[in-house]
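Okay, so chain A shows up in both of these, paired with chain B first and chain C after.
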Partner chain A sequence: MANFSIFFFTSILLLPLLCQSFSTANPTDKRILVLLDDLAIKSSHSIFFKSLQQRGFKLDFKLADDPKISLHRYGQYLYDGLILFSPSINKFGGSFDLASVLEFVDSGHDLILAADSSASDLIREIANECGADFDEDSSAMVIDHTSYAVSNSEGDHTLIASDDFINSNVILGSKMIEAPVLFKGIGHTLNPVNSQVLKVLSASSSAYSANPETKFTSPPSLTGSRISLVSVVQARNNARILISGSLDLFSNRLFRSGVQMAGSLTKYPKSGNEQFATELSKWVFHERGHLKAVNVRHNKVGETDEPAMYRINDDLEYFVEIYEWSGTSWEPYVSDDVQVQFYMMSPYVLKTISADQKGLYYTSFKVPDVYGVFQFKVEYHRLGYTSLNLAKQIPVRPFRHNEYERFLTAAFPYYGSSFSTMAGFFVFTIIYLYNK
Partner chain B sequence: MARNIVIVFLASILFFCFSSISICNATSSIFNPVSFEHRSAALELFSATDGSFTSLEETYEALRTFQILGVEKKAEISPVACPLVVETLTSPSSNPEKLFNALRVQQILKCGVDADLFEGVASKLEAVIKDASSLLDFYHSVGSLVLIKNEVPESNIVLGDADSTFHSIKALSQSDGRWRYGYSGAESSTYAAGLALEALAGVVSLASSELDESMIVTVKNDIRKLFDSLEKYDDGSFYFDEKVVDTAEHQNALSTTSSVVRGITSFSAVTPGKIDIPGDKILGLAKFFLGIEVPGTAKDLFNQIDSLACLENNRVSIPLIISLPAIVLSLSRKDLLKVQVKTVLGSDAPPVTVKLVQAYKTSAKETPVLENQELKFDPKSSIHHLDLLPLGIDIGNYIFVFRVLLQDPGQKQIYATGGQTHIPVYVTGFITVDSAEIAVLDNDLGSIETKKELDLSKENILSLSANHLQKLRLSFQLTSPLGHLFKPHQVFLKLRHVTEVEHIFVVGNSGKRFEIILDFLGLVEKFYYLSGRYEMQLTVGDSAMENSFIRGLGQVELDLPEAPEKATRPPPQPVDPYTRYGPKEEIMHIFRAPEKRPPQELSLIFLGLTVVPFLLFLVGLLRLGVNLKNFPTSAIPATFAFLFHAGLGAVLSLYLLFWLKLDLFTTLKALGFLGVFLFFVGHRTLSHLASTAAKLKAA
Partner chain C sequence: MAKLSSSSSTTSDAKALFQTLRSAYSATPINLKIIDLYVIFAILTALIQVVYMALVGSFPFNSFLSGVLSCVGTAVLAVCLRIQVNKENKEFKDLPPERAFADFVLCNLVLHLVIMNFLG
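And now, the complex of A and B:
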């Protein structure tokens, strides 16, 4: 009993040290659980794993049916990320299941999920919960007869070369991926109303998802460029998810393989897979595109203290500093499209804030002539970046009675008439009383 | 039917002809021998900074891999590794494992160690063997002795009591062919079995006299039992794996299999007679190693390459690997069917004949298109080839069934060729597309209203129009290079509305023509009653078709009836993610405009005007001739009258002050005092005036 209580108290003391997820306070925690179908994947996909390890991630490899898998102990997560390279697993080992994967993501952790044509219902369900619907036909693969990779050892055109990337430097890195990415696996679609999920690698318009062995009479459910080969999700809690329909995409074989797209004469000595997978993993594990805003402040022009209240028509200044996590440190984030709103029910002022090179954003504007409780709002949602939602409340009051203009020239005739009447009255009283 | 029976019969005869049972695997995959990719991977994985590795074991693994792959790196490694070897061999604290690794490195590098030093190490090791109690001790010390014996051939190192050593190792074996690491309570393991077999092989080669024949036979039986635990992949490869996953010495399937292969090959090399293991199992093991392709870690690469080197030249049976440089054969390029038969490390096989036993389409397994073709051998490139063009093979996906026959029947015991090998082959070619046309038909009569020819070799920009009572017909013909009707896997007609709603139809074939008739009357609901322009796009593709295409056909303007109220709405279309983000339009607040005021001059003029009545009043008074004769003459009433008017003046001045600066409260306070004062002096003044007036009346 005594032991237990000692343990209990130490664990409470340790609580702040154990990090929950990617937090702006502890961004350097990088423990990742890798679940595999077969330990051979550790060797056959070693380049990908090695690139993660070189970037400082601690990978913990486990078989997906290992009964000792557990994501958390004593209510604390043991890992900051999860890589599911176990497409055919039907049931995870231990108490780990679909709900715990979702809970893990819901608490802001990152997930990489790769499926292939042997994808089990469990894996499909996880992807589905994340917003990607894999083709329901379990024997289907993505086939493309016009943009396949020319190969001597693959003839059924299921090894696709795709270069239809998402146009986003933050997700795929600033260096352009020149060679097409090789993909062999299953396709998925994204729910059009889900704005959290993005297609990173799309199939070409001639692609379709079907079983290459059998003929079909009704059109396949997934066709054309709607097929997403690789998608990413950025949840509202900034958890990031990568869903790939191909596990081979990450394999050493396709990393090293050369690629020549059908109908094209350019032969690339190395496919774009390594760059694609590495850059994507950098994004997923928050080495890019994670923003934080600090030192939000505002004041009247000419003052430095933050007032408790503004009067209508005051001139004010607004400052915010924005930084981006680079994997090792917070770097100033400089962009010309950050906007601040002065908001009450709807924005009264919406202004683009300009930044200096140190990530300090500044703007000034006049408080509108409407009084009430306003908010300074920065809602920064950009493709691939974590969203910034800053709100700071500030009341705005009208003029006080003595703050209006005192002597209006236009009113002088009225004053003049009343004072002349008064003078007349004064004279009249004297004359009236003493005239004889 | 009868023909099928004959085939089955022939096949079964062929089965019996070969002692090995052929692996007929449905999911055939191709295994390629070790290639240059392994070499570049080895250089990458065993990359040591200036020739140093973390341990002697790793140094050995690197050296051995480079040696097998023919990569020359000794010169770089030996300056660093050799001093380490000498140091390990001279150090008295070196355990057998360290000595073993040092000797293995020395064996490859030839560091020039003194023979005396070897003698000393050997005597030390012999002492270790005498009271060794664990399998690893036996393995390392016996292995080291064998290495020393190879190193110094003139030294007559022999195990005096080879029999008892053999027994001590054998005592660790289990009934299922696996071994234990130690005498007390250790788990049995397949990996250990490989180590034990290697140690036993060492004991046999070190023995001064012939060992007991019966003991070797028992070990051979153990090996056979070990093969009962062999596991199999779908592609016909075999491997060993540990049953108990949860031990400290857990090894993966590759290192376990590798250990067993090393054990068996070294044991069979030193013992007389043949170990009775089916050749296809050895071939399956070779396929397992080759199936890994290029491993990602140094350890795995060493295990793979070392095991393949063991298999390359072993006494059980040497696997021969059949591989195709290309499985996609183009009829338009007139590609030959090329087959290579090589050993696992990629060297040439003994003279063999490669036969194409059968070739059938994947869609029609029962009807072979080719049977019993012998491939021609080209000794220059050591490739067996066959020209498919004269054989009338049309384009399509085939399974080719090969058999490798050794030209010297005496070699059947030495080599494992593995019976029939099924390999998928894709024969591709150009498909001719012709008589493509598109027409709009009237529903009732089927009469053609408009008909347009299409050229599917380029984009078309047709413009058609149709209403819901009409039909659209698209038809074309596809012919294979040999003039047959070709049915591609993918023949889609896509109609895309301007709102991005897409409809896809599979174009079927009726007889020779591909034809689709879209009856818009039946499709209005499917089209969500969306009238307007539809883009048409035709996709034809197949893995055997070299000119798969996706072509725009043009537009069709559809005039569909109005949607009834209950009609289903078209599904939401994906939103372009780029438009969802990005800055919003700026909003500036529009301030209330200040009220309009008259010009200042006007106000001042009017100010002047307001004084005019007062002035007129004064002038009027003067004209009337007013006087102040009634003003009290006595001192006290005059004072009160004066104070009264001063008070009135003060009140009026207070109003002026109120306007200029005072607030209401100060004004009211002052007014209060002034009011009381005014009331008093006013009362006195007025009562005085009244009494004066009354006196006047009375008088």
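And now, the complex of A and C:
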């Protein structure tokens, strides 16, 4: 009984902490499910996993065919992120399948997917649903005879070194990745119509995708820089997905190995893989590039209260605060390209809003000479950042009958003529009646 | 030569025409002449306002409209009165001129009521 009451008491004390863990104020994922083909991957890719654990993630390793896999319990997701390091799995264990992966992403969670030359149909299908098409030839690998990584044996040039990164500090971190990234695996292409998916690491123009062991019977279907090696997706619900054609890219062996690109004299003691994978995982798990907008408010110039409606031609001020999540705290996000629209079917006013150092954006403008139901809209979509879509509705009314200007100087001749016609009428009446 | 004589004959024709018109108009009763004068006054005031509007722009457009329409309305009502009180119009033989004048006054009151409301 005493035991029970102590347990009860501590659990009540812990309640605030438990509530904290479900707080939505923290966008970084915390609990991550890692599905592996083989538990050996846990040790062969330990540097990558360790870097995640050091940043505070709780990794839950499971075999991909474990029958006890479940993503949610009692309608709540047990995990915030999913790492699929199980390229050859044909069917997940338990009730976990393609649909539940997609549902997981659709509910705003993040996914890292790595394939290699043994990629199964299931893995290809998941990638396909995310917008990346792996080469359909199941024996094909990306081969590059000009920018391969120099090694002791001549080899078949499937271990390629690429430094063709996406130009984005948000996705890859502000520190430039000096050394090329080693890649051994399969290539994929992106649908050019799909604007959500981005090529992060692309192959050089001399790369192609083919089976390295057989001779060509027909030209390779994927060639050149059209091949994407690593891609990311940011869905409309801000869920982030990383798709890599190489599981080895994350391995300790390639993290530690030195790299020298063919045709280049520079030999790097350490490949760019560790920095690349770490920075990319920071982005995928929302440690970077996650924006939030708070305290949207507006008022008439000279007032502080937010009015329920504006009159045409009023002068107004608009404020919004934008913060970026730095992994541990919300930092002010200062940019000079945020715009606000005063919108009714189409933007009547489109203004760039300027920020101070604390992330407070401010602008002022005149309400157009049109009345109706307007919206203040901020639609901010920038490469690598989560998209901001703010809309706040506000009606605009015309002048009241007693708000118009009276006795305008410009109208005096008209007033004069009206009164002179009246006087003329009076005089005419008298003359007409008494001229007998 | 023939041309000159023809042009001098047109001038004399025009002169003759005006003289006939003037002599015919002098036979017009005095009350109709008063009405004519009143109509000319209204039309002139309207013209002045149109010229003013062309110069300064149409900004208080309602004021401009009420100013011009008061003149036009006055002119139209005065012309109607002139038709009704003219003895030569057999059509209005049965309508006493007092009745016509009362109609005219009533219509003018309504017109100026509207104008005053639209002016500001």
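FYI, the second predicted complex is superposed on the first by the 384 of 436 C-alpha atoms of A that agree within 3 Å, B and C clash if a C-alpha of one lies under 4 Å from a C-alpha of the other, contacts with A are read in each partner's own complex, and residues count from 1 in each chain.
Keep in mind that, in the parts below, a residue touches a chain if its C-beta (ideal position, glycine included) is under 8 Å from a C-beta of that chain, and two chains touch if they have at least 3 such contacts.
Only a predicted model underlies this, so the values are computations on that prediction, with no experimental measurement involved.
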Next item on the list: For A:Ser417, decide between first (touching chain B), second (touching chain C), both and neither.
Entry: both
Notebook entry, point to check: Of the partners chain B and chain C, which touch A:Lys351 in the superposed model: first, second, both, neither?
Noted result: first
Notebook entry, point to check: Now for A:Pro192: first (chain B), second (chain C), both, or neither, which partner does it touch?
Noted result: first
Note to self: Quick check for you: in the superposed arrangement, does A:Met176 touch first (chain B), second (chain C), both or neither?
What the structure shows: neither
Item checked: More chain A residues in contact [chain B versus chain C] -> B
Next item on the list: Please indicate which partner A:Thr217 is in contact with in the superposed arrangement: first for chain B, second for chain C, both, or neither.
Entry: first
Check: Is A:Ile431 in contact with chain B, with chain C, with both, or with neither (first, second, both, neither)?
Finding: both
Item checked: Partner chain in contact with A:Val294 - chain B first, chain C second, else both or neither -> neither
Check: Does the superposition put A:Asn167 against chain B (first), chain C (second), both, or neither?
Finding: first
Margin query: Residues of chain A that sit at the chain B interface in one complex and at the chain C interface in the other, please.
Written below: 408, 410-411, 413, 415, 417, 420-422, 424-425, 428-429, 431, 433, 435
Margin query: So in the complex, the part of chain A that touches chain C is made up of which residues?
Written below: 404, 406, 408, 410-411, 413-415, 417-418, 420-422, 424-425, 428-429, 431-433, 435
Notebook entry, point to check: Okay, in this complex, where on chain B does chain A touch?
Noted result: 30, 37, 252-254, 292-297, 300, 325-328, 362, 397, 424-426, 428, 487-490, 492, 494, 502, 504-506, 508, 537, 539, 541-543, 545, 548-550, 571-575, 577-578, 580-589, 591-592, 597-598, 600, 603-604, 606-611, 613-614, 617-618, 621, 626-631, 641, 645, 648-649, 652, 655-656, 659, 685-686, 689
Note to self: Help me check something: in the complex, which residues belonging to chain A touch chain B?
What the structure shows: 39-40, 42-47, 49-50, 143-146, 151-157, 166-167, 190, 192-193, 195, 198-199, 205-206, 208, 210, 212-213, 215-219, 223-224, 226, 252-253, 256, 313, 337, 339, 341-342, 347-352, 366, 368-370, 381-383, 408-413, 415-417, 419-431, 433-436
Notebook entry, point to check: In their complex, what parts of chain C are in touch with chain A?
Noted result: 30-31, 34-35, 38, 41-42, 45-46, 48-49, 52, 56, 59-60, 63-64, 66-68, 70-71, 74, 78, 101, 105, 108, 112, 115-116, 119-120
